[in-house]
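Two complexes, one shared chain (chain A), two partners (chain B, chain C).
Then we have the complex of A and B:
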């Protein structure tokens, strides 16, 4: 098929409409305005591997994409409006997602009465309680990767057979997004009691839209439609096959050759263009801001990065607005933002951002200030090494761009690209780097939890600093009840972290591009590759 | 001969122990561990307490000599342990990929021999003619072209050609199906990597066949056969070719063993779930138990292949006898 500019433009236009798409109402969006067709098997490619099936333990999308369709959550992001960072709907609960009672310290969920696990066991409040107790209060020796998300929870109890009540120690705006995290699979209490807390690492029994069929390690996971799924009429598909394909080029060719219809994580712009060029309107593109941000972290235990003037010079040298324009053509980064996901109500507006060091639109003025600060600190011609991760998109691309930016204020930077194990060893154990690329990728947009990355006390902060002022602002932020109050404190937090102390430099937020076969309908892009993966609203127009 | 075989089998033990010691300690020199990758690698919040718990559960906090003893004892009792990444038994993980890797290795070897022996023979017989030059250029190209590049070109070629011819691009399947379940489905996936690697592999064997045959063709007994008026075809096929096969067998054997574990990049290009891909993943994940087991499997394959080559020598050349 010959490539035409018109086809390319059409596909992109379709994608743009779908992505920003006029945030269609539920139901209508699920069907793309068409009557969903039933049947067919969705083949999709996954660029990562499954460590185990246990969502409560694992952290990779390599587990979420193939395993999430077997499970339900208590609440989830609205699958018909996943681009909204605040639109949550019930999954195994019924009615609306509860607002907090008792000053935001009690949340009561009514559980649906028509749900059965794939083995036929009816789901009750006890299953939800057992699940969240495993996540929040795991027994000794049992891993739970999201235990820390629920620091505010005091207890989880079933008040009757179909009612679950969460009691919080203090009201927290991060509670509901934490509950909606796509890793919080609902397990059967019977399985946990009889088969143990590690049974789910190798076995599956959920209430999701698909039943487990087969797992061939390193190759694929397959599932078939669960006829007893609690959203009647769904899923539309007869089944799915999640094919492991670690090489990006192979995933791209698989869609081109129709061995797979979609890849849910995202392609770089060039890959999107290649697919559209080859297949025209047989490819649909959806694009969205991504809840991942690439940062650079100076090691504040090392001189001269313990000097705030040097750190400020690092951030002032970076032309974010210019970088957004050019880097977005070659890499999966685009949006300029602060510490909060750009589309969230708690995020800084452009007017607020330009007041931060390195966000001013006059890059020459920023760089003049950077040179002045370096001179004042006695660090003209500063030479250092940038620790980076051996992953092209977007790490190496952004790392190379940063070096060029720093060179413009007279810094000499060498990039040291390391495989992931070595990269993490340097960050977490050796702690001997000068400046390192770092990133913050989360699933549900939960700014109050997500910004803990900037706290020196956080388990995933590698700056080797301790800032009691920032910790104090966060303590207030965590307990702030109104959005207005949260927003005000978030600005204080952001100004302290990015401007006054320049503890970490935020570069650009990632940009998610999903190019896929146009016969895949019903799926809507979310701002995270972890979200909207139950596949219950997808259908094939074949 | 039996005494020789017995001695060779005994010699395998120190070789395997040496390999085990090397791989165990070399792996532990690499910075990082599987828990960091698994729990902190995706950029989500990483709880230090959970990382410590993961290390405790996997025995990574045990003293190094305890870990070493566990490994050696397990290997001696054929218990390879569980993968640190998936928690599945290592023998299951390897067994699952072994069939595919073995099939690709056999198919690549067949492709290679089908190309190498006729071309090497023609090249030797037609020495210094345009045919010889053509065959040499073909084989040098095979050595020069990386098989992964050839693999990418094959996939792109298939996509472009089929789209031009039939309107819809086609590429080989990306999941494995056993030949006993679906023979043509299996062939349509594996023939392409077999050609991509078999071509490179044939390049070495073609040149080896040519030079070995040229040497044999200069022997006195060949001259005597020609003097007796024997037909050239019989001289080549019956007397020269068999005797020139010794070095070719060596090359083919070593390449075969290499293919069993060394198809690292080609497996990635064609998305083959074989031992090479497993090797890469286990190293990237810092999955010590799986990497150790894979190395030991590949070492064992190499040792056995060399052993079989030595036995073949005696069959091909009756003058060779092992005392």
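Then we have the complex of A and C:
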């Protein structure tokens, strides 16, 4: 119990730091002290398509933004304090988020008794158990994108009609954040049993603040207020319409012309400036560091990228500090960081970072070293193709910048920009790329879980490498009990991944800018575009 | 008896006459087709820009210089810079290379393939002609840009695939036009004579029929170059063509026009003008050639 107390004291401190660390511009606190008005329909634009409605399978904001309002979670980040990585509140559970018992190996959740699914079925502990069993222990052939988040879970059981108990194999600080992941929609056990595990890919039946009304593929999703929502008095809106607008210019014009009030993912700085210039105080801006980082991954099954000297040269050539200064003016990237979300207590300080390859502030010295390594490896004038994703912000901008950086040490790089399905096909199936743009975008800030991306064994790692040393460091990190210990091991992990082996090159962390119509109240920016999207606290001041 | 000096004088006179003849033709062309001549000048300027790009461009077109990002046109950067601090003038000059490379390659391959297939189809006639023409109908049922988009969607983006994507829809267009002329040529007795002499089909098609369909072919060819430049720009604008950091006019529009059109309009204006001017030039030039080669229009 001493351990658990210490962990949560740490978590509280982290939360406080993070809450103050995240930036917010004027207009953010617009709802403070105001009484929410009821009514109205919120129109918002979404820049990505909906692959399916199943939150347990999908990983894109294109699904979360229009579909999340139909569902509830077991716990969620506090919608009034979404910048904190540790401020979790109950959604379908009641009371406070449970603290671990049994040395942090048992978590017991009491489920609310007043919740009904949109089809009228009452929600019980069995629904929560069925949901998490589907996520954590999916049957063969059923995809679960966040199964790996729950490696510490041994079992999920209902001890009575309204009590759910999670038993862990070992105590883990990443368990609660994993439960709060916004993709963990609570499904009805009846639906899963009677209609199958794939029914939710095309159908919706949740307990969220809005009921599903209509889906026009490629056009919009609409929802109307669920009168039986378990947070009484909410939602404030009568309904919402999520309008599909793949092109940024379209999304901007929609807000400018008041066809839509908000876009939840984020705009580049230029778009923010244009909106503010055109609409003045009719636009509110909120900004935050973003739990998303763009990386470049060399294919280590391919020569010469199996040579650590070549990989190191790739990372040494990149001027991250200079890039941060200028790219932040034209793209949604800004902060220099290592493997952990910047400003998090487990993240490297600048003093720690400058010791890593490619993070030194003397770029000319870095590049001289890169040239030396390339020469030593017999790869002067290295020519290769960069696989990139056909998404302007920030993929193509950062890709173009990287090519210029590599050119400065004599590399000759061409860019192959592919639509998302082709891009993923190359990474996951063909595996024939030289170097690829890659990303690590997570929802709840949970560094110990988030850094699994760097492990060769991770399902979302595309570097085609196996590093037992890194895996061993991670095994220790996962079980580390104090923050001090976690921090020390995280530095070891980072140094191995980014410096000693240069397995993946981290570029810049994203920076979230939300510029939206000022009449939208109640919504607070989170460090992830996946978070705080239930829309139950949003209201329109019209 | 003719002396050596007389032969020399005769040769020099012939040379002079020939020189005068070229000048004379140019002058006639200018007088008869002033718009076509302007088009020709634009085309020549573009070609010169593409060939001498390394000498004409003041900066490396791919070099990022963030300290000069979005600088408006001034004495240092005549046409301003883009969001990566790259010189717009240098990118426009090098962009002519991409446009002309794609334009000429796609137009030549498409037109020549169409020429051979069109003349061949007319020459063989019968079932071969019917089947071939139906295949052409299928290809021609799709609008040019839709067809090119479909091809790029299958093959993926990149300059080689863009050339293939643009070439494919050109083939049936050229084949159809050329075939209609070749059908009448097929009925001329000298083709029968060539057959009687035992010439091979290939020889008859390429040496005896193809040269006689040059007028419509050249018209198609020049029109294709303009269309190909426009298609390449369209595909690049849609993100399916040439990729960054290669300088290409359509890509320049895609990269910055939407975002910076208000605060830095030069990012969109210059590539837009370049595309319009190039297509305008090739179309004017192509129209003039058509008018020159068409006996009915020529007599007017």
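The criterion applied here is as follows: the second predicted complex is superposed on the first by the 507 of 542 C-alpha atoms of A that agree within 3 Å, B and C clash if a C-alpha of one lies under 4 Å from a C-alpha of the other, contacts with A are read in each partner's own complex, and residues count from 1 in each chain.
By definition in this document, contacts are C-beta pairs under 8 Å (C-beta built on N, C-alpha and C of every residue); 3 or more make two chains touch, one makes a residue touch a chain.
This is a predicted model, so every value here is computed, not measured.
On the shared subunit chain A, the superposed partners chain B and chain C are arranged side by side without overlap.
In the superposed model, A:59 makes contact with chain B only, not with chain C. In the superposition on chain A, A:407 makes contact with chain C only, while chain B stays out of contact range. Residue contacts after overlaying the shared chain place A:354 against neither chain B nor chain C. If you count the residues of chain A touched by chain B and by chain C, you find the higher number for B. By the document's definition of touching, both partners, chain B and chain C, reach A:422.
Contact with both chain B and chain C is seen for A:249 once the two complexes are overlaid on the shared chain.
When the two complexes are overlaid on their common chain A, residue A:274 makes contact with chain C while staying clear of chain B. In the superposed model, A:396 lies in contact with chain C only, and not with chain B.
Note on the superposed arrangement: chain B and chain C approach each other to a least C-alpha distance of 5 Å.
Residues 247, 249, 422 of chain A contact both chain B in one complex and chain C in the other. Residues of chain C touching chain A in their complex: 62-64, 66-67, 69, 83-84, 156-158, 239, 243-246, 258-260, 262-263. Note for the complex: chain B touches chain A at residues 30-33, 36-48, 50, 53-54, 56-57, 85-88, 92-93, 96-97, 152, 155-156, 158-159, 163, 167-171, 173-176, 268-271, 273, 277-278, 281, 284-286.
Interface of chain A with chain B (complex): residues 1, 45, 49-52, 58-61, 141, 143-149, 201-202, 216-220, 241, 243-247, 249-250, 253-254, 256-260, 278-279, 292, 419-426, 428-430, 439-443, 449, 452-453, 458-460. Within the complex, the chain A residues that touch chain C are 247-249, 268, 270-271, 273-274, 322, 325-327, 329-330, 390, 396, 399-401, 403-404, 407, 414-418, 422.
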